[in-house]
């Protein structure tokens, strides 16, 4: 099973990159399923039902989230909808709206479990993502799901790498998001789990992690609040393509994806 | 001028990778100067005069540091030695031992200025690295140095990318260190500055950022202190090779380096 | 010289407490000068020209600020006005709007220097407040000012206490703000500087540091964003009364102030 | 039931203050039970079996801990001993050594439940202290315990105050520790729970939160690591005395305790 996973889709440039490249990549690589992190899909901050629907209309099968998932109030009922295809990190307190886990399937019925987690180092005071991973994984195993992809939305390289080794041999892939910068450490870990610290961002690269660079610089230089706007130029689609052996749930390979939108 | 810059050298495995690969890379690519971040060269935590000397004996011309630079007390006089080839980040308070800037030169007299900075986001409460960069750069310009390499030792991708854009067109390269994971965003920015968010680590990859993975996992799972030991397997040398036009000080190209030590 | 210093004035309840008690306290204790931290005077978040003017109309002579000082855009020109009586912390980068130091005087011409600082531990990545204190103090000494009050706006008890000892014997008082909870450690340090870790808040006590308690609890329990509103009940005025010997600039005494507004 | 609760006992000075004052206070106020936070009882950092035993020999009935509870390896078996009278915060991951809850009783059989919690804001990535409080409280209620004291070991005033309101009416007292500075906000909340943001420290006041002030200042000024030593002068015992109505479990009153050891 070939799964394309895309990093934080950032604003309109990111959505354009998805609509432009996803169909092409599906055709070129025989991709079975597409998952994307949508947490910055609405103007760079958060997700709206509209920004989520726009991505799902581009042959994306499921959306994951991160620390920005609650930015837009109108997303809460959307997360709660039966059959919602927008996840939120699993390790929010019990009773949080929405779900941190889903099972999607290919037209011919092959299933992929997806778990969405959020790290805690330098981030929020959430529930333990390691124990949350265990619980969500147990639920998926109970449903008989073999192939499992984990979106580890997280700041610190240590926490992401610890999660990779923690789940190695038990899931098909642990793929990092949140830093908006793709890392060059993709590999299949010894136990058979595909891993990358961060798949990067679908959005404008002539920026500071998606935001107009002058605005971010002003914030660093003055230490005063500055309104952020999405940048526009040098848009890339970034992610990773994982090939999973469905019988064992192990990854055969992981390849980084980095495509530049024509100007 | 071809400059090889190596990411955080981690313990004995990292030192071995440096001694094994640096002479080969110099020969293969016609490298003029080699700079390495040594902050984890002594057993994974800090630098000793011995670990620094060992690296300098491997055709490395200059060492930079980071948040671990003060871990070993015996390093302080070493930093202070006239002509010391071990830097510490420039943005420690005035009067700190050692220097955050140096000029090295090729056998035929071509000079490279090097500035070492440390980020503040999720790190220590240091002086402003942006203003420190301005000051160190002004000093180098005054000495007539055209080619300048900056080691931005930093956690957050936003702060590193902001520094890249801040210095774009004014230095030859802004190269990130500290996260121990190489990023795949190397490029020459519009103004002519080579940039990469993190060049990665010279050290064991079957680890959590250099440390034995079981120990780090234990720390995450228990939230109790656990002693760390350097891992040993799958050792890589990681860094970036920057080609600088000496007349203008602009970068012609940046290429990631990732070499695996034979087991 | 008797100086009344008031902690973070929080929203309308805080402004009411100031207008109710300040004239009474001046009369009762023969207070010469009144300084108040206004950073939460506008609806609990930030300062507006109106909220500042309202406080200054209540016989308050000078206002200090903190991390919320930039919350309202319209405050910037107000900070910049010649003779502005609203300070901002001194240790923002050079070129920041406004001033971090002022000299106020009693009707009969006795002068008090005031320095506003902001801590860095668990807060923003600002300039060093210790060196900023040195600089501002040197400027005041140059103007011949003997009596000096420092508002150390800061989260960590360690950083505030360190500042107290750092300035002990060199200023008349180091008084903490920001945590909104008054501490019971007021004393004159060995060198003659009046000190208290935090003078507390002028605002509603039946709250979580001024905010409606149910809203804050919801934020802690859900880890999702919740809009904050100022609480209303059990309003207190909190601060400290410092008696300064003008000849030496040393403090004679410090007394905590805690007055409850009648319901 | 009269309960004396003492803040972080810091090193030898703190232990001296406890041995000097506790018997006197018991006699003077008819105190029934004494609980103390011991997390800094061994040389200022952590607890040893010896430092705990020394406190328990001074008529202290139970010890609580905090973020420093794991500093000394030899404490782990001591925490695990059946009937151990040293708690650790309850909200460490399941399976952590030791217990976060205990029931102690007066000679005539009146019982007091004690719950030890650790905050997360600006601290470790622990389990949710609010849900941990619920669980421990349910267990105590099941055992028929009416009077319950909570040690909320925590940095942020917001998190401590939120816990006070969260448990108001359900426990007898929520008493803060960790900042080493006593606050002046002791009161019985509307529901009948005694509350104080921080009871303070038993230790040397001529210090920065217990540590020799010059060493802490050096750390702030240089941003380099500096070894810490406990200070020695101006030793205080600090805590709070809570009077609990055993029938209802509500607090009748809370009074701050602050006693200075003769030099």
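Note that the chains are named A, B, C and D in the order they appear, and that numbering of residues resets to 1 at the start of each chain.
Simple rule for what comes next: a residue touches a chain if its C-beta (ideal position, glycine included) is under 8 Å from a C-beta of that chain, and two chains touch if they have at least 3 such contacts.
Everything quoted here is computed from the prediction, not taken from an experiment.
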According to the touch definition, list the chains common to the neighbour sets of chain B and chain D.
A, C
Note whether the interface between chain C and chain D is symmetric in residue numbering, meaning over half of all numbers used appear on both sides, and answer same or different.
same
Averaging only over C-alpha atoms, locate the centres of chain A and chain D and give their separation in whole Å.
43
In angstrom, rounded to a whole number, how far apart do the mean CA points of chain A and chain B lie?
30
If a residue has to touch 2 or more other chains to count, which residues of chain A qualify?
93, 125, 221
Touching residues on chain D, where the partner in the complex is chain A:
93, 120-121, 125, 127-128, 131
Which positions of chain D touch chain C when the two form their complex?
122, 130, 155-159, 161-162, 165-166, 179-185, 190, 197-198, 200, 205-209, 213, 216-217, 220-221, 256, 258
Of all residues in chain B, which touch chain D in the complex?
70-71, 92-93, 96, 124-126, 221-225
